[in-house]
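Shared between the two complexes below is subunit A, which has subunit B as its partner in the first and subunit C in the second.
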Partner chain A sequence: MRSRPVLLGLAVVGYAVMIVPILFVVVSSFTAGKTLSFPPQGFSLQWFEKALSYTPFIDALGSSVLLAIVSTILALGFGVPVALGIARGRMRSAPIIQSFFVSPLIVPELVIGLALYQQVMITLRLDSFVALLIGHIVILLPYTVRVTGATLALSDTSIEDAARGLGAGPWHTFRTVTLPLMRPGLISAALLSFITSFNNVPLSLLLQSREFRTFPVTMLDYVQQSYDPMIAAMSTLIMAGTVVIAIIAERTVGFARIFGGINQ
Partner chain B sequence: MIRRPQLLLVPGAIVLGLGFLVPSLLMLFSPPGTSPVEVFERLGAMLTDPYDLSIIGRTLLYSVIVTLACIVLGFPIAFLLARSRSRFTGLWLALAIFPLLLSTVVRTFGWLVILGSNGAIGQLIVALGFADRGPQLLYTPLAVVLGMTQLFLPLAIITCYSAIAQVDQNLDDAARGLGASRTRTLWTVVIPLSLPGIVVAATLVFAGATTAYTTPYLLGGTGQRVLATQLFTYASVTVNWAAASATALIMTVLVFIVSGLSSLVARKGAVE
Partner chain C sequence: MSTVSTLAAAEFRGISQVYGSSVAVDDIDLQIQRGALTTLLGPSGCGKTTSLRMLAGYLKPTAGSILIDGVDATRLPPEKRDLGMVFQSYALFPHLTIAENVAYGLRIRKLPAQDRAARVAECLELVGLGHLADRKPKALSGGQQQRVALARAIAIRPKLLLLDEPLSNLDARLRIQMRAEIRRIQAETGLTVVLVTHDQDEALEMSDAMVVMRAGRIMQTGSPSEVFTRPANRFVADFLGYENFLSGPDGGLITVRPEHLQVRALDGAGAIDSSVGADGLLVPGTVTSVAYRGTDEVVTVSAAADVTLTVALHRGSQSAHLPPLGPGDRVEVSAHAGDVIPLTEA
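Moving on, here comes the complex of A and B:
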């Protein structure tokens, strides 16, 4: 390391760009002052109190959690059978089918949002929650298909064949052999889907309504109007929640494996 | 094993068809209350109008700069992490991935604290006596580039990391043993062998930067309009469906062109 000053210097700059803004948010959320200035004036938890009693934030937080949970469950419900079909179906066209199901990844989310806004909300006059749910399932489906598919592709099919050979029916084999094999993939896909849905801005931006607004969009609008330490406090709380998810990820399948796609 | 695997694909295919393919095609060919001709007329007008061209140009310029910055900063981090034997490597890697779990709004908000007129840099400049008032660093191209570099750096790092980790470290050692300097080993062994991964990283960052909304909106203000903020204005503020669809088409085509070029480069690299 010592003899690589250039690489080390660039790496330090890189980490600073990634981490320093996040640290500034956390530190400034504990200010006792009235404005967002740095260094913060004194120490207090007043902005956390204000953030937690500001109903638009809390309502939006509830909406986002609800949307993220429902769309994760549905994306798994639609995606896992697809992954199973691709991995175990012995179909010649499996690679083409796989690329069809991950195709939403290459279209900008804002474009998918615009399409759903025009066609689902304007033309069909459906509710914003329905439009958001469709949009979120569409962008989560590639993850659920790909991640559970990767686990299935790595698992040994001869165990399933053995179960069938020993007389287990297809459903029994699925429940007692395939499902446990898929467990790491299911956990990864669920956590990844939840985070992706919860943080999504481009879809929610166009598909929100007065009755149903998601948390990131509510924050975005608030920040655009005025930025006070309450946003910093809210961000710090969300970060704390995210750390909990990261710990769950590390304890189950592995943090870098789920969110970085890295097998160490 | 499964007698009729095609049946498993049906529900997912229906969701994707009705929730993605049909709406996307309808958006291009029949936006509400307009005809497809209007979308393509508008598209033609945009590609000749100096104002619209300046927005496309700015979007591309930001994307190129941010892509370069993410590779120049991300590759060294990925390389050091992939080749490190320290027991803290996992922790550093986790620190590079963690920002991906935070919403773009939270991450971008940090720059408001730093670059705002009462922000850290402004206060520092006043405290050091360089100026009486903090300079306005927000709503500048610099702010947008910094914000997007922060946003996409983790993506560049993990993609480069996976590529470098696949390059056998014995090859580095062999080059070193044959007398190549560390720098020469990096440029003639590690970088060429991990090039397909670097190209993928660059593509992901470029596509992300071309379509990013939150960062140019919060840090660029009205002076730094890009395709994404323009699309939102057309769809929500001025409600000009033809223009919104045309902007969406430009954005999608740009992403497709870059992805296509990169898979060509990656394939060529793999053959050589």
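Moving on, here comes the complex of A and C:
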């Protein structure tokens, strides 16, 4: 590092730009005062108490976590077979199929949301959870297909051939060899999907209803009406949760492998 | 004919493999002798690996049938063939320990735990890796991984052991060691082995039978000494390191190994006619270069317009009492009749 002072400087500035504002939020959430300001006035946990007892937040948090978990599972359920087909299926059209499943990345989410609003909610009259679920699966598929696909593409197909040669049928080979080989990719894809779904705003703006509200939009609404430290306390709690997930991710697979998977 | 096919451990009958418009394997017949080590030898793209993959069941032949132990196995998937395959990349299961790798095929065969442990230990002992049973493949060197792959394939007591370029990823010294090692294991287990290689030295040293292939066809089959001393055609000769190709008396092609040629300086202008016939070979020419290669001295002689001969002189024998040759010297190159090999052009 000492031989690259410019790079080091840029890294410090970059981290500072990302982290310092967050630190302001975290520190101000412990204020004893009534307004969101910096430096905080005294120390108290009162805003955490308020945040945890404010039902719209807690309900929305529950909804968002439920939506993120279900859409992640379903996106993996669709995405993994697609990735397997692309990586192992010896299809001439594999690149086209791959592009098709990655294409939602370049379609504005508002457009996807609008389409679902028209078709699923207005025409089919399904409720907003179903519409959101479909929307989230669509925007998560690029991640599940691409990330699990990258792990598969990197693994040696003769490992699976070896299992077949030793007497394992296709299903036994998948269970005892392919699936363990895919494990890092599956964990990466699941984490990325969960985070992407949990943070999504555009789809929720169009598709949520009074009965089913997601967490980021609830926060947005709250900030527009009142600007008190409770929002900072809630943000701090969410960040704490994210840090826990990040630690688990780093311990199990490693960040480099998780986020490396996107570019491969 | 029926007795022959029951003797063979495996047999190809009219096997072809066609991808679109390219023919990888072109209507070959082949018998793999039981208890012997058969090598499929040839340059890349000759169809040797394709043939092995068809034998193992990873590729369905476009035409023809494959018999294993005299039974038609053409349509059997790999898991029903009971063959042990060692891949070029070793293909060990990275998430399993060495012992679990070796036990993989035994679990599928539902071998009781005790017998399984005994067999794993026995196979790891056979390849000299008993002490590494609890490691993961990543912790092993290439040579050790290779041995694990061998142990894993042998553990299932396969009908045939198939080796796909097993030594190509090892360094030169280890490669030589493993040749002997594989022969020893073959002798101890009595397994029928089919080995694919592009390395003629490997094939010559290790095989009981050699199958030389080119462009999807079999060029020659025979024991290493048969193939080496009597190559059937120009391709086989070329591949085995023959360098001297001349027109024979009846217009056909002949060859002589560089070490079977003698060279003698011609004094004066006395021109001699070249003669290639039943009583040997005698050709005049001019030395173009002399290269010193340790124990050998390689003399390149330009004979006729487009004939260049390479003569390998063993230092200390023929060349010791001869005056040293240099570029430009007029010489006469000769060979005994017994060393002149007629070839067919192919």
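The definition used in the following text is that the second predicted complex is superposed on the first by the 242 of 264 C-alpha atoms of A that agree within 3 Å, B and C clash if a C-alpha of one lies under 4 Å from a C-alpha of the other, contacts with A are read in each partner's own complex, and residues count from 1 in each chain.
Basically, a contact is a pair of C-beta atoms (placed from the backbone, for glycine too) under 8 Å apart; a residue touches a chain by one contact, two chains touch by 3 or more.
Model, not experiment: these values are computed from the prediction.
J.: Identify whether subunit B and subunit C fit side by side or clash on subunit A in the overlaid structures.
T.: fit
J.: If we overlay the two complexes on their shared chain A, which of subunit B and subunit C does A:186 touch? Say first, second, both or neither.
T.: neither
J.: Applying the touch criterion given at the start, work out whether A:106 contacts subunit B, subunit C, both or neither, answering first, second, both or neither.
T.: After superposition on chain A, A:106 lies in contact with subunit B alone.
J.: What is the contact status of A:168 with respect to subunit B (first) and subunit C (second): first, second, both, or neither?
T.: In the superposition, A:168 contacts subunit C only.
J.: According to the stated criteria, A:134 is in contact with first (subunit B), second (subunit C), both, or neither; which is it?
T.: After superposition on chain A, A:134 lies in contact with subunit B alone.
J.: Is A:118 touching anything from subunit B or subunit C once the two structures are fitted on A? First, second, both or neither.
T.: After superposition on chain A, A:118 lies in contact with subunit B alone.
J.: Tell me which of subunit B and subunit C touches more residues of subunit A.
T.: B
J.: Using the superposition on chain A described above, determine whether A:156 touches subunit B (first), subunit C (second), both, or neither.
T.: Once the two structures are laid over each other on A, A:156 reaches subunit C alone.
J.: Minimum CA distance, subunit B versus subunit C, superposed model, integer angstrom?
T.: 8
J.: Which positions of subunit A sit in both the subunit B and the subunit C interface?
T.: Dual-contact residues (subunit A): 161, 164.
J.: Which positions of subunit A touch subunit C when the two form their complex?
T.: Residues 156, 158-159, 161-169, 172, 176-177, 180-181, 183 of subunit A touch subunit C in their complex.
J.: Hey, which residues of subunit A end up touching subunit B in the complex?
T.: 1, 3-4, 6-8, 10-11, 13-15, 17-25, 28, 35-39, 77-79, 81-82, 84-86, 88-91, 97, 100-101, 103-104, 106-112, 114-120, 122-123, 134-135, 137-138, 141, 145, 157, 160-161, 164, 170, 195, 198-199, 201-202, 205-206, 215-216, 219-220, 223-224, 227, 231-232, 235, 238-239, 242, 245-246, 250, 255-256, 259-262, 264
J.: Applying the document's contact rule, which stretches of subunit B touch subunit A when the two form their complex?
T.: So the residues of subunit B in touch with subunit A come to 1-3, 5-9, 11-13, 15-16, 18-20, 22-24, 26-27, 31-32, 72-74, 76-77, 79-80, 84, 90, 93-107, 109-114, 116, 118-120, 123, 146, 149-150, 153-154, 157-158, 161-162, 165, 182, 207, 210-211, 213-214, 217-218, 228, 231-232, 235-236, 241, 244-245, 248, 251-252, 255-256, 259.
J.: List the residues on subunit C that touch subunit A in their complex, please.
T.: Residue positions touching the partner: 56-58, 77-79, 81-85, 87-89, 91-95, 104-105, 108-109, 149, 152-153, 156.
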